[in-house]
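Structures are listed in the sections that come next.
One chain, chain A, links the two complexes that follow: it is found with chain B in the first and with chain C in the second.
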Partner chain A sequence: MYYLGVDVGSVSTDIVLIDENFKIIDKVYLKTKGRPIKAIQDGFRELKKYKKEEILAAGTTGSGRQIAGYVIGADVVKNEITAHAVAALYIDKDVKTIIEIGGQDSKIITLKDGVVTDFAMNTVCAAGTGSFLDRQAERLEIPIDKFGEYALRSDSPVRIAGRCAVFAESDMIHKQQLGYCEEDIISGLCEALVRNYLNNLAKGKEIKQKVFFQGGVAANAGMKKAFENALGFEVYVPEYYSYMGAVGSAILAKEYYEKGNKTKFLGFNIADLSFNTKTIDCSGCSNRCEVVEMLRENKPIGFFGDRCGKWSEKVKAS
Partner chain B sequence: MKVGIPRALLYYKYNPFFETFYSELGCEIIESPETNKVILDYASKYCVDEACLPIKIFHGHVYYLKDKCDMILVPRIMRVNDKEYICPKFCGLPEMIENSIYDLPPITKTPIYANNKEKLLRWANREGGNITKNKIKIKRAFDNALREQEKYTCGVNDEGYKTKVVLAGHPYSVNDSFLNMNVIKKLNNLGIGVITEEFVSKDDINYEVDKLFKRPFWTFTKDTYGSTVYLADNRKVDGIVYVSSFGCGIDSVLIELIKNNVGDFPFLILKVDEHTGEVGFNTRIEAFSDMLLRRKLS
Partner chain C sequence: MKVTFPHFGNTFFAAKAAFDGLGIDYAVPPLCNKEALEIGSYYSPEEMCLPFKIMIGNYIQGIKEGADTVLTTGSCGPCRFGEYCELQMDILKKLGYDVDFIVFDAPKAIGKEEFLRRVSLISNASSKSNNEQIEAALNGLKVINLIDDIEKIAHIKCGYEINKGESKKILNSCKREIYSINNPEEVVKRLHEYKRKIKSVPIDLNKKPITVGIVGEIYTIAEPFSNLYIEDKLMDYGVCIKRKLSPSWWVKNTIMSAINMQSLDIRLASRKYLPLYIGGHGRECVGETVLSKREGCDGVIQIFPLGCMPEIVSKSILPTVSKDLNMPVMTLIVDEMTGETGYMTRIEAFLDLLERRKSNNVLSWS
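== the complex of A and B ==
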């Protein structure tokens, strides 16, 4: 018997199955590419070998958690801060700080006695997140998974402005034009992102050990090293660093089941159903909300985006 | 005569005064509706791009009103308490409006010093004089307007919630539910009650402010700082939720000032700008509520 966790992020969609002992039984990693429903369906196709009855409960998280919740029939729909904290604490009770850098968000989470006591997320700026690194890798024509290796080969990183993604990019281009080598520029970029993270998100927060570094960007060994250089101590990257959100939501699903609740999970066969979304320009009042209607086999299963709740309450009631 | 009153900025605090004043002078009042998407579109189209969201939204409301009335109230509020100021953008508001929106009906430009009655009466005489020459009528309208204002309180103080937060920020950020993405309703739905600075006494605010090495000269800073720190230090609330407009100069100082004084007390900053996608906003609120509730359990 298993618990399912689905993390639909801006860049990747991660799905995990855990058993009663929190062991990861299966996992799928896909690029979201702006199509969350398709990503979930593609993932579920790979998991069809499991029966619906084998899943005791399902949870979703990530910025696409709401849509994912409707699609799979989730029992628990939770924000990614809580999910990441739950997963990290399960792996190591002593973790005090979590650095999580994903596609469009970066976060710092402070824990004390097993509870989140503080957190911060990047504000309106996306500097220092995965999608920025992705873009720079693309521009330099270096595969993103080689980025870390390049950074580690450098011994004199170039100084790059890290406060803003636009500034960082133009600074990088100027340094390239002066002939600095790629290794030093990439290493400098990692340092700039870490500087930005520590000045911006972690400002005024005490970073206590033990520190976990998770999220997609933790794959980049250059970032890990830059954090360690800046902090002066070791930073741990857990084995399933990029699945932590999904693991957390599976654990939350387990908690839900253990409270005696029954699952609403719809099974892996939803991979073959047709899902559509339709935008309705609601003219009920001057707010003119853009309401999204979700359809499964042309039947509405959910609405969101309305401010007053007139649409979203429709489905909950039925 | 039709007087347009934009439902933005300090409308939320001082509307009873202006509305009563103009209706007593025999004017018909045209209020713009609550901020909505149409107004937000006008806002970003007809305002200089560096301005903060609330100032932009004010422009949107003025644009909405411009063909519907004979004059528009653009209150240039300079100060409401002695030795304090309102944000500098208010001092230049009529000029910003005039230079960004064309084909406007006349707008009010007289500076408003509301720190004492005589000074405020000067504003009433000047602006009222454009409507009637009858000084007695103006004085009567002014007195009634002040009376209505004194009766009025804005803000929120929810009862019956086990967990409560102070919703901090400039009055218009807290009271405009479109600007703050319905934050009060969202918190309530998560089982969290809200209290705002209007429900903290002046004495308590002053007590906190007097402990600072220098008294803040911005009214917003003084009120928000004093009330938030008072509520946090005396554990009247479980956390602070601060709604701040992107690019606000006052907030850049104020937020740090509060942080320095409340230590590790739960503090969430919500930056708002022209976004209408609510996912990122909801994530922060939900995570904060989880944190408060789980903290309590442990």
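== the complex of A and C ==
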């Protein structure tokens, strides 16, 4: 018997199955490509070998958690901060700080005695997140999975302005034109991003050991090393660093099941159903909500974005 | 004369009742929405704070409905709000709108004579007798006190109610109904009925809901559109909300400040951390955070518009307060660029944090 966790992020969609002992049985990693529903369906197609009855509960997380929740019939729809904390705590109860950098946002979570005590999420700038690194790798024509290696080969990183993605990029171009080698520029970039992270996001937060570094960007060994250099101690990258959100949401689903609840999971066959969304400009009052209607096989299964609940109640009633 | 005014939480109910009583024609701008913000952002200086932009949108929408006079408040205060009206007059004039501004401010700041002169601009436009005018003003005051009261009760009841969503429903239908009534006496009567109604919502005292204090810049916490309807969302989650600053609080505070007797509890509570008025409601923000803990809040959310100077000061003090009181504090900064997804994620995660702390739910498997 398994628990399902789905993490629909801006860049990637991760799906995991865990068993009663929290062991990861199966996992799927896909690019979201701006089509969360399609990504989930593609992922489910790969998981069709499991029966619906084998799933005791399902959870969703990530920025697309709401839509994913409707599509798969999730029991627990939780934000990614909680999901990441839950997953990290399961792996190591002594973790005190989580550095999580994903495709579009970065977070810091501090924990004490197994409870989240504080967190912050980037508000103004996407510099340092996965998409930005992706773009720079593409521009330098270096495969993103080699990015870290390049950084590690450098002895004297170049100082790059890391405050803002646009300025960081122009500063990198400038440094390239001055003739610095790629390794030093990439390593400098990692340092700039870490500096930016510590000075902005982690400002005023105490970073206590043990520190976990998770999210897609943790794959980049250069970033890990830059964090270690700046902090002066070791930073741990858990084995399933890029699946942590999904693992967390599967654990939350397990909690839900163990409280004696029944699952609403719709099964892996939803991969073959048609899903559509429609935008409605509600003119019911001067709030003028933009309501999104979700359709499965042309039947409405969910509405979001209405303030008064006029639309979303329709589904609950039927 | 046809008057319009900016939105600020529930004030339009009071303004409407007062103008109905005075027999003065008025145009209530549409409730703050994206369109008002778009108009406002287009015509306002980019680095201006969010309330300014929404207000400009309100004015222009009010003017389009035929208003020729804008009624607003000033504060001659050491925060940008004190200069709002001057800049707004300038912007509207440059856009070619021929409107008069009547700016209400405390007599202390503008002088008693000037204050009375400004009041007379309104009272001269009314054909009612002096007594009727006073009654109209009092009715306005009653309305704002009542609606803020009802809202306050609903914000607590939503955590304990047996039928989920009942308090919110009553609050919403109350607002809808009284907006459609043009007789101030009738409005006051209906509000009293609604107050009884909301008080009689059945509750389950065995529930242990999370209680969150809302502090920060007064406009962004009292005007729901500007904070992306955070209170509606918290009510949906069954979270009790305690918010001190509201239009009725503002009225009381302004009156009491004439004799320097305003908000004594807040002043005492903030003394250890911020013993001075630093403009805006920075001192109140710190004081309320301290009070929130005493009143049993599990956590506090501070909200302010990007670039708000007094709140930036209190934001840097709040971590110390939070540590001393052992109570989590989260800050949310809003402006026209605020994305709803990230905003909601933070609120949800903060509620999770409070819930897990409260039940000391060291996850079930550990």
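Everything below uses one rule, namely that the second predicted complex is superposed on the first by the 318 of 318 C-alpha atoms of A that agree within 3 Å, B and C clash if a C-alpha of one lies under 4 Å from a C-alpha of the other, contacts with A are read in each partner's own complex, and residues count from 1 in each chain.
The working rule: contacts are C-beta pairs under 8 Å (C-beta built on N, C-alpha and C of every residue); 3 or more make two chains touch, one makes a residue touch a chain.
This is a predicted model, so every value here is computed, not measured.
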Legend entry - Combined model on chain A: chain C and chain B, fit or clash: clash
Inset, instruction - Report for A:Glu255: first if it touches chain B alone, second if chain C alone, otherwise both or neither. - result: second
Inset, instruction - Mind working out whether A:Leu17 is in touch with chain B, chain C, both or neither, as first, second, both or neither? - result: neither
Inset, instruction - Quick one: classify A:Tyr90 as touching chain B (first), chain C (second), both or neither. - result: second
Inset, instruction - Quick one: classify A:Val115 as touching chain B (first), chain C (second), both or neither. - result: both
Inset, instruction - Considering only touches as defined above, state whether A:Val158 meets chain B (first), chain C (second), both or neither. - result: neither
Inset, instruction - Considering only touches as defined above, state whether A:Leu198 meets chain B (first), chain C (second), both or neither. - result: neither
Inset, instruction - Give one of first, second, both or neither to describe whether A:Leu47 is in contact with chain B, with chain C, with both, or with none. - result: neither
Legend entry - Touching both chain B and chain C, residues of chain A: 63, 78-82, 105, 113-119, 121, 123, 204, 285-288, 307
Inset, instruction - Provide the residue numbers of chain A that touch chain B in the complex, in ascending order. - result: 63, 66, 78-82, 105, 113-119, 121, 123-124, 204, 285-290, 305, 307
Legend entry - For the chain A and chain C complex, residues of the former touching the latter: 22, 63, 78-82, 86, 89-90, 93, 105, 113-119, 121, 123, 204, 251, 254-255, 258, 285-288, 307-309
Legend entry - In the complex, chain B residues that touch chain A: 33-34, 36-38, 178, 182, 246, 259, 264, 266-267, 269, 271, 273, 275-276, 278-280, 282-284, 286-288, 290-291, 294-295, 297-298
Legend entry - chain C - residues contacting chain A, complex: 30-31, 33-35, 165, 172, 229, 232, 319, 328, 333, 341-342, 344-346, 348-350, 352-353, 356-357, 360-366
